[in-house]
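Structure in structure tokens, see below.
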């Protein structure tokens, strides 16, 4: 910790501001993030986030690899907590450029897997948020549920965390025989767990005291900072890319968009953002049930996968809704075998730039709650 | 314990060398410094959670390097982060160990070719005791890494002290 | 201003740097356009034409339309006016464009590198980038 004292030349009171480092190694910053806090006693006057400690050159790799299909494993590793959604965004962008027709079975499997991944990501986000604030029990209970989802993914793709399962035009291989049975059973056993989570954590008085009225984000500020996902919905705006700019087959399903309502505090505080995530998990269960009903039983998942991908010149900006917000891929293609430029617009990068404006005047302990409620993943911020 | 006291007909006597006793105590309570950098950190958290429990081996997480025996470098080490890792390693008190978890900290991992900002292996800045391969390694693989570290500790002596040559060579002022 | 397309994908509008800020302000404030969100800002290096480009993707949440805008500047004098006063989210995106590609944004409040370290040499996403061999005594290659 570096402590620098700046004496202000105020003759009446000797107010001294301290600059303290929080991170890059810190148990509560969700990764390698360095926050320089300018403090007046315990009150935070200014926050300067420093990032780049996990900059892994994803965009350089996408250009140098020379092959559209080889980029998919690197998209996994950007937001490693919800890898399937990252792959889906990239794959849909290339398919739009190619104007490919995707088989029905592939679309349904993609939706089921994306929603399962959304639930798994929220479980980790909520568990880590509770852990930061001192609630150790929900973390262990939620991780048990997350392991069940990772079991399903392991049977499907072979890996627990970083899958490389979706390809341009389809999937790497078909789902195993008991995929439908396993998923239906998971949906049945998970519903009561959400009620258990609400009893343990959401309406717990200590949790409410630590998160209500903290880190309030007004809607206009959120839009100017291009917030999206649960952060924007926590401020009361009903904006979800699955309904407002539909991709894949999401327009066939019936589900609600939960928004924050200032139930236990101000509209747009940490509790609202947290509760939006909990309610989103219920809606994901609804989508999975509808998709399981409508999924065709027959079909080849690799029939539309092109043997070689050669694109003409052009560009596209394709956005999808990940558990953290709007993930955008800006791809410029030229006549070579690989992309000319890939830019990944990560939601956590954009949300972290909002941190200085929503945390003025809070205490150090509140900083932990605010950073946890925005739910950032540093792999995405630094790419 | 049960085998020994049946042998000596007196349940409260164990005869063992001081080194074995010390090593046995040290290896069964390795406290690690939670230093998750990237994707491997999620598997480290999963290993510490309910299904693949770390606590049954006596391994618990500590936030500060001063209170830890082991540093698990889990994730990609970038050039910006490398000097901070060195500083954290120097803050740990001896005897200290390092487990390099995942391909990125073993040798650069998937970023070995065009990664201009990635350090190709954490052993370029600090000495490593156990390498756990995988991308990310399964929780069982990390547990095996700890068991291998326990084997290494069993064979240590208290007379010579742990050899820390490479650490002395690379010590800088940062 | 010029409307352009590629062979596939989405079209864009090419704008001169001198009229960039007034155009962006109109796009945000005009009641029939109301582009209130800047989704993405990317820097691109066009090696063949020896130019740097910046692409802006904007979106209107109330009226539901999207637009892509590009500017191009020569590589010897890559100055582009900053739109940080119009959409605050451009702050970090422009810092990243400076870090990766080398576009200089005029009137930016904090024009520093964001991802690479402060003393890094070069702009990594340029096509002719050669990585430095050592950084603070550590080898960057094998």
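The letters A, B and C name the chains in turn, as written, and every chain counts its residues from 1.
Heads up, the rule we're going with is that a contact is a pair of C-beta atoms (placed from the backbone, for glycine too) under 8 Å apart; a residue touches a chain by one contact, two chains touch by 3 or more.
Source: prediction; values computed, not measured.
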Taking the mean of each chain's Cα atoms, which chain ends up nearest the overall Cα mean?
A
I want to compare two interfaces, A-C and B-C. Which one has more contacting C-beta pairs?
A-C
Computed distance of Cα centres, subunit B from subunit A, in Å:
30
Could you work out how far the Cα centre of subunit A sits from that of subunit C, in whole Å?
24
For subunit B paired with subunit C, centre-to-centre distance based on mean C-alpha positions, whole Å:
43
What parts of subunit B, by residue number, touch at least two of the other chains?
80, 116-117
Junction residues of subunit C - those touching two or more other chains
115-117, 124
Specify, in ascending order, the residues of subunit A that touch 2 or more different other chains.
52, 55, 57, 60
In the complex, go through subunit A and note every residue touching subunit C.
51-52, 55, 57, 59-60, 63, 96-97, 99, 223-226, 237, 239, 244, 311-317, 319, 326, 328, 330, 332-333, 341, 343, 345, 349-350, 352-353, 357, 382-383
Help me check something: in the complex, which residues belonging to subunit C touch subunit A?
5-10, 12, 36-40, 42, 44, 55, 57, 61, 64, 66, 68, 87-89, 91-92, 100, 113-117, 124-125
Which of the residues in subunit B come into contact with subunit A in the complex?
34-39, 41-43, 45-46, 49-51, 63, 65, 75-76, 78, 80-81, 84, 88, 110-111, 113-118, 135-136, 138
Subunit B residues touching subunit C in their complex are 79-80, 82-83, 108, 112, 116-117, 119-120, 124-125, 172
So, in the complex, the side of subunit C touching subunit B is made of residues 115-117, 124, 129, 131, 135-142
